[in-house]
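Labels run A, B, C and D following the written order; every chain starts at residue 1.
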Amino acid sequence: MIKVALFGMGYWGRNLFRVISSNPGLQLAAVVDPAPGLQERLAASHPNVKVYPDAAPVMADSDIDAVVIATPVASHYDLARAALDAGKHVMVEKPMCSSSDEAADLVFRAAARGLTLMVDHTFLFHPAVMKLAELVHSEALGRISYFDSQRVNLGLFQPDVNVLWDLAPHDLSIIDYLFQHEPVEIEASGYCHVNPTSPDIAYLTFHYPGSMVAHLNLSWMSPVKVRRIAVGGSAQMAVWDDLNREEPLKVYDSGITFQSEQERHMILPSYRIGSVHSPRLAGSEPLVDVLEHFRRVILGQERCKTDGRLGLRVVRTLEQAQAKLDFSLRRVRNGLAAQQASVVAAE
Amino acid sequence: MIKVALFGMGYWGRNLFRVISSNPGLQLAAVVDPAPGLQERLAASHPNVKVYPDAAPVMADSDIDAVVIATPVASHYDLARAALDAGKHVMVEKPMCSSSDEAADLVFRAAARGLTLMVDHTFLFHPAVMKLAELVHSEALGRISYFDSQRVNLGLFQPDVNVLWDLAPHDLSIIDYLFQHEPVEIEASGYCHVNPTSPDIAYLTFHYPGSMVAHLNLSWMSPVKVRRIAVGGSAQMAVWDDLNREEPLKVYDSGITFQSEQERHMILPSYRIGSVHSPRLAGSEPLVDVLEHFRRVILGQERCKTDGRLGLRVVRTLEQAQAKLDFSLRRVRNGLAAQQASVVAAE
Amino acid sequence: MIKVALFGMGYWGRNLFRVISSNPGLQLAAVVDPAPGLQERLAASHPNVKVYPDAAPVMADSDIDAVVIATPVASHYDLARAALDAGKHVMVEKPMCSSSDEAADLVFRAAARGLTLMVDHTFLFHPAVMKLAELVHSEALGRISYFDSQRVNLGLFQPDVNVLWDLAPHDLSIIDYLFQHEPVEIEASGYCHVNPTSPDIAYLTFHYPGSMVAHLNLSWMSPVKVRRIAVGGSAQMAVWDDLNREEPLKVYDSGITFQSEQERHMILPSYRIGSVHSPRLAGSEPLVDVLEHFRRVILGQERCKTDGRLGLRVVRTLEQAQAKLDFSLRRVRNGLAAQQASVVAAE
Amino acid sequence: MIKVALFGMGYWGRNLFRVISSNPGLQLAAVVDPAPGLQERLAASHPNVKVYPDAAPVMADSDIDAVVIATPVASHYDLARAALDAGKHVMVEKPMCSSSDEAADLVFRAAARGLTLMVDHTFLFHPAVMKLAELVHSEALGRISYFDSQRVNLGLFQPDVNVLWDLAPHDLSIIDYLFQHEPVEIEASGYCHVNPTSPDIAYLTFHYPGSMVAHLNLSWMSPVKVRRIAVGGSAQMAVWDDLNREEPLKVYDSGITFQSEQERHMILPSYRIGSVHSPRLAGSEPLVDVLEHFRRVILGQERCKTDGRLGLRVVRTLEQAQAKLDFSLRRVRNGLAAQQASVVAAE
């Protein structure tokens, strides 16, 4: 039985609480969160779980084998480092850290001490992503030409992350899992509607070796939630719509076919060319599988699928994209200001 | 009765043929297209329509009042210029010309001779776009923060236009009609999968005065056709899905609302916040209205809604976007080449 | 070249006009319709088509080889009989006649003179129905257990047919084509909201040999149009949604599987069990194929797919269903009246 | 604090367990279920909940104020009667009993002792049903002409209920709540595919006073789950699709409008006539509200919305529908047998 401490009882932390509690191989020994009243609430329903307002008692408790960190991103590094230094296995929420330097340091420390360092990129345990990976790795889709993601909703406007760091980690971890590449070139644009220093809309283009281009349309400004990823290949195309309950994943048996110029004159626009297949997906809750995987990795029974190196690669790409986005935001702001100045001067 | 000559009997030309023929105030006098066998086919069914392989007889025929040009883009300027110089009214397909210089010259010539110069931006006659315009102009949506268009399908890979010039004119004419602005800054990226010098995927970000950002996701590489435009404002958001027959336009009675930091911790993700309204749209065929409008503009009964100046603004923005896109494509190609070289050198 | 006369220029008649005109092997020689102004309109656009206010000149014209009858149902028999007696081939709109006696008489006369008698059950030329037939006949669906059709919309409240005779012919012809059976038992209920003697809602249950049950939910009272047919078999289930443009036909790779009682307690409700396949359907317009088929049948090149005997079987089933429906309507009306009387008596 | 005992830990019982446990005004004191291992499982996680294999200890325990019965239908009456006789408040799953005699007896006993008798018709606490009721009761829909329900899925083929008793209680309770009427006439048909004495498909037509007709299409044979209720009125129509997450309830601003015969000839088929409105629905879990309502009714703070009399009316209608269905099944079976006999005789 692995004894686990959970840091953070926000929205996702409460999910982790439920899932850790229900895993028969894990024992939730402690929860760390300064929220007032938490201790009383948990004392009634879960008398065996200790509640602390800060991390010190957990770090000092040699009975605790592992920690799960679901606090704001800015605190990930300090908590994870302290836990690793105290000899504990670590699972940390995504994005792993605020910078690639921090992430690299954690990877180093975990490796040096032989501890598990896992990042909770939950989507890599989602049945649709695993099916997408199967389609890509088996070359059923053919040669991949693009990955197109639309990930928009009304945002929670979190204090310590912008829309890029909030939403892009999902896509970047999926791309890493599907294609095992980091981007060669990154282009970015966006806009800050609400908070002048924090973009709430971001458009990213990532270029990968071998003619694959990825585009991310991220927004916190859309009342309509969209979670749609299209992966296009020379043989087939797959579209995952995470909000479609009945048929979340569709595989279009169509590719790009070329007609002679003569023929083209005769062709009417058609909406699709081949048949569509919607494979059955297993129905288990991905987070349950994440925690079970964490347990098995700690026990040496499985190789970690979302280890610190994956987390580091995602953070490194986020950093590079942020730099491009900053540059674009500055340039556009200057352009708009210059135009306004010239309008004023002309009056 | 206005006598009209039609240039080009491709896919769209045949639609124009049908619609011109059925307008009781227009008389289709001639068709110009070198396609073999066309003369015979039309002689049987439409004995009163003359068929010419080239433009000269039409230009010389003083009985013909107006021409409709539906030939490849590269020929628009020469044909429209010749027609205007021959004193004929002109309606030309979108995009109006291959360059803004050409477009400006046509605008000048039409103005100088007092002739109608109209561009067939059909979508501005579409009931959904007219409803969108009403929502924007009445400020029902509030202050607009973004325009987001996804316009993807399997492309016909036309010889003389790339995906930008093929698909963006729709969005640019709609943006012009809704917001009456040209962009202040343009950012572009894309990829050439099929033809190495002609992008088949393009991502465009346009920045407009007053905090509005527009994004276009254009592709000829998608077996799934998507035609979706979202316009987000401070009060409401409108989404037009042109492939949804039952409810093409939806207005979401939702805006961005701000919670105190305390409250935010409690909020579960929700898919939408307000109610949704799908207004009834009139069902007439836009192209029928385009031709009737052309007729009335010629007769001085209506002010032209899609005149040469609109066409010029669209072409000018296309040109600027093309320059940005070329720059991006070159930079990325060099980056990929450099990376490949370093890989080779390292081996 | 087969010379054809068309009777009736209502909504469907105008479609027939267009399709007959465009078939190179048919020549539309005459149109019969008393609508004022029709002659003038057609004289301009189609000078070679004669227009008559009544049928006599067509019946007397030995140059006319075939007639297409798209008039109100009540007139089908007289027109078809006169045409057959005049030695002309006949295609008649559905439902074929107002009674099975009429329909049987036409079948007899056509057979006696060796003339083609075809009923325009257009749906049997629809790609989705042909695909459904392929799935049923190849036994891909397994043993069929039900056919379920929902066919509702806002009705045009035609003067000479009720909702049963307006909508059920579609389903009955499809069932005949798929299963080659007439029903053994019929149950019917319905309601007359608008016209007290003509039901605008009808629910029909047809029992067929071999455990197949068919249910039709027909309504003229629904603002939402639904055109959905489900065919369930032991191996697979097919659903055709005629209003779904992208994926009109879906085949669910699921059947009824039986679990032991023990297992059943563990099963959570799930929306579907197997994968879903949406085959590509050919895109041609069914009515074009109907007319081409009529031409070939006349020439002896094809065996008639929707002949008078099929039309007769459909009318016979309509008659039987009408009798059941009348009985139910009477019984319910009496029941309601009795209840009202008892309420009044009790007061 | 009201002490509650729960009978039955099947699928729905486990939901009740969770919801009772989380209601701060209820204390789950005991669970009754003979399932092996249940005692051990609950001892670990919920040491304060007693587990019994049969009902006797609960009935004898005067500390227990109320029971919630989620056992198979056949046992509802005995358990509820024993609990009422022991002076306990009762909430029983739907359908309330196997017969109206049983249901009436429970209503009598509860009334005689002044105890709460509630039936868990959860849907009457569903936000969509409450909104539908508001639309009907405020006469926003106008005069109601029909209620149409399609409720199909792959069934669990429960041992003690058929498809009618499994699925119809939902619709019948909703109809009772919306219209406060019992049917005047009932018509029924169906089929037994799997178990020869228990229908797995049932079609029901209910006639209500005042021209309202209700139709239920119930099936356990459909791999595609459908949960769709349409309520049509003279002013508007409402459609509730329980599987549509984004817009479960749509109100169509359309009614039946009448055109002169002349106009009707001009009308093309259109999919809808007015605009569509999708109101926002509150997001709470209905079962949570059911249990809180039960608590308040016991405390005399609320009048029971789903009391024993409602449960009795639903059971009475089920009984009458079952009789009609039995008659139809017998008649059809005889008809099929007679036909088969005549075929054999003819050979």
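Things to note:
Just so we're on the same page, a contact is a pair of C-beta atoms (placed from the backbone, for glycine too) under 8 Å apart; a residue touches a chain by one contact, two chains touch by 3 or more.
These numbers come from a predicted model, not from an experiment.
The most distant chain from chain B is D, comparing centres defined as mean Cα coordinates. Centroids of chain B and chain C (each the mean of its C-alpha atoms) stand 41 Å apart. Distance from the chain A centre to the chain C centre is 53 Å, each centre being the mean of its Cα atoms. Spacing of chain A relative to chain B, judged by their CA centroids, is 36 angstrom.
For chain C, the set of residues that touch two or more other chains comprises 224-225, 243, 245-246, 270-274.
The touch graph of the protein chains shown is complete. Against chain D, the residues of chain A that register as touching in their complex are 224, 243, 245-246.
Those residues of chain B that touch chain D in the complex are listed here as 245-247, 253, 270-280, 283.
Interface residues of chain C facing chain D in the complex, by the touch rule stated above, are 10-11, 145-146, 148, 150, 153-154, 156-159, 184-185, 187, 189-191, 193-194, 201, 203, 205, 207, 209, 211, 213, 215, 217, 219, 221-225, 230, 232, 237, 239, 243, 252, 254-256, 258, 261, 264-265, 267-274, 328, 331-332, 335-336, 339-340.
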